[in-house]
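Consider the two complexes below, in which subunit A is the common component and subunit B and subunit C are the respective partners.
Moving on, here comes the complex of A and B:
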């Protein structure tokens, strides 16, 4: 398994990034703030407006360093991709599967299975860890119906049916997600998902975490030679990284939701780090955003045993491991795509 | 792993001064400068071999010298900094 390299996040608004030798140099008002060797990085994510020099863009593209541009508020803007590499044969097979609804459904159902399984165990874990603080009966009812949904998903060969099951499971999971918030209840509560813009603190955190996850998953898919824009469950739409969205389904809960919950429950962030705009959008201030990025990076360093590969890897390599397994399935080396099932 | 590189390049001649600039530039490509002619580089074994080879090509073995200290993967407990200009942790969260 490859080594997890670091990600550089630049949140200084007027920072300009350029290349010097083999280093990325971060400047603000002509002053050099930092320089890092490129070989230690696998991704650069910038929230500034001053930009990146074309030389650095080229250097990142040729070295497979994912260079992503975000708005100040953490919405995805653009990403630099170099000359298409990867494996044409693999990509063509990916397109063939994507064109065939039934074959797409066979992959997508495993991803959704992974999503529901992971949602279920997030909830089960809460009932086990905090039996006195959560409504165990209510959560158990939800996990029971998630188990039923999994049995159905297992045999679905139709994308519409699959979307239906995915939707109802998500509603079920969301209905008790608020129960998992154990601290700072007066400021952090979850009353359903709102996005573009997120309308409360929890949704602001979730949206940001999902954007970070999306950039990691996109980079992982491209690293193994797949086309992140051609999906199975999510159909083609210009500019939408459909395959990345597919693969995120199974990772959202274990990767993003759990981090958001621990940020709140461990009181790493608090409500003072947010502000509201006139249209009701809730945004994070710079300090809170940095805290989230820090937690994100620290989580990525944590080691786990991959449930399918039985290999010790860091959390940060999970998207890469899943992309690798998907590529193996498409290539015909695996009979089924094994989703990430975390217990 | 972390490799600490120190060098002495004879700068009494202009060729020597040129070599010094090249050596420090090469070290900078691979790591961070922690003191004037001391660099900390986080590299894997392949990168380390390449770096070593490239540096050996640059220096004049009659007058200059290079030292490589391999501190391994668990270097964090082996390095302590006192005084001005601390280094950054290349493997910790990098948020500017």
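Moving on, here comes the complex of A and C:
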């Protein structure tokens, strides 16, 4: 498996990034703040507005360094893609599958299976680790019904049915998600998902973590030559990275939710780092955002054994590994797409 | 002359990948999976050459041409000869802009030392076939220069060698037309394969995904 390199997050609002030889140079008001050699970088993610020089964009594109632009609040704006790597053979097969509802369902169901499996084990683990703090019976009822859902999902060949099962499982999981928040309860509680805009602290954190995950997944899919915009469960909609959303299903819980929970439970962040807009939208301040990025980055460096590959890789490479496995399945090398089944 | 259309030409250098592992060749040349896409690399190379007029260097009875782009319509391949030496020879052929008769000898530069397998040889032979077609002549001798031993190895080529390379090229075109990437035959050569990470040869030895899922769900 390839090596995970660093991600450079640029959070200084007026930072300008340019290329100097084989280095990224970060400048603010004509002053050079830092230089980083490109060969150490896997991705560059900038929350500033000043910009990036075309030369650096080109350098990132040819080296497969994912260059992403975000708003200061961490909403995705744009990213730079270089000349197409032109793996038409793989992509055409991806499109064929996407055009065929049944074949799409066969891939999508494994992704959903991964999502439910991972949700179940996040909950199971909580009952094991904190039996005195969580309502074990209540959570066990949910995990039992998630297990039942998985048995059904395993045999689904219809996307609508699959969406239904996915929906009810998500409701089940969300219904006990709040139980997993064990600290700072008075300021952090989960009462269902709100997205546009996030209306409470937990949702603000989740939204941000999902955006980070989405950019990683998109970059991973493109790195293996897949089209991140043509999905199986999520159907085509202009501008929507449907395949990235598909693949995120199985990774959201283990990747993003767990990090958000640990930020709260370990009191790495606190409620003072948030503020509310007039419309009720909850936003993080710069310091909190930096903490989240730091936690995200640290998590990506942690090593795990990939459940299917049986290979030691860093968490940060999981999206890449899954993208690679999906590509292998689409090419006909694997009998099914192996979802990331983590516990 | 009958033959392949230009857009169906394969990269001559692919023959060494093909001989090393068919799957590796297909991953690179059909699926364009390569950390540094070969086509881009070769593309850049061709441009560098095209930017300057053909550089010829004269040394005694030798005319040395570097980075000579060659192709064969009949075999449907294209590539670049590192060096072609044209040696004055009464048996030779005439060259535009040069006096006298010359015989061409391709010299291919390789990293490392001479290999046991046939891939370097095949590539040289394919180059010779191109030169034969472009210059209308017959060749039976070329050289492989290895940087580790720092000298060239003479390669004599028989008609049956050429036939073998022709057959290999036919097979490559066959895969290419069907866009077919053959399955893995995992072997010790996978260890030194640069596409190891993309190919994931270990996967092929493993149990099916179905049984993986079933066993995980059962836990």
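Rule of thumb we're sticking to: the second predicted complex is superposed on the first by the 342 of 343 C-alpha atoms of A that agree within 3 Å, B and C clash if a C-alpha of one lies under 4 Å from a C-alpha of the other, contacts with A are read in each partner's own complex, and residues count from 1 in each chain.
Please note the rule applied: contacts are C-beta pairs under 8 Å (C-beta built on N, C-alpha and C of every residue); 3 or more make two chains touch, one makes a residue touch a chain.
Note that the structure is predicted; figures quoted are calculated from it, not measured.
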Three-chain arrangement built on subunit A, subunit B and subunit C clash or fit: fit
Touched partner set for A:298, first subunit B, second subunit C, both or neither: first
Partner chain in contact with A:247 - subunit B first, subunit C second, else both or neither: neither
Touching partner for A:343 - first (subunit B), second (subunit C), both, neither: second
Which of subunit B and subunit C A:34 touches, first, second, both or neither: first
First, second, both or neither for A:261, with subunit B first and subunit C second: neither
Greater subunit A contact set [subunit C / subunit B]: C
Touched partner set for A:10, first subunit B, second subunit C, both or neither: first
Subunit B versus subunit C as contact partner of A:43, first or second or both or neither: neither
First, second, both or neither for A:56, with subunit B first and subunit C second: neither
Touched partner set for A:228, first subunit B, second subunit C, both or neither: neither
Minimum Cα separation, subunit C to subunit B, after superposition on A (Å): 12
Residues of subunit B touching subunit A in the complex: 25, 28-32, 41-44, 47, 88, 90-96
Interface residues, subunit A side, partner subunit B - complex: 3, 6-12, 15, 21-23, 26, 33-37, 39-40, 290, 293-294, 297-298, 301
Residue ranges of subunit A in contact with subunit C within the complex: 1-2, 85-87, 89-90, 110, 113, 117, 150-151, 154, 224-225, 307-311, 324, 328-329, 331, 333-339, 341, 343
Subunit A partner contacts - residues on subunit C that touch it in the complex: 30-33, 37, 179, 181, 183-184, 197-198, 200, 202-204, 206, 208-210, 212-213, 216-217, 219
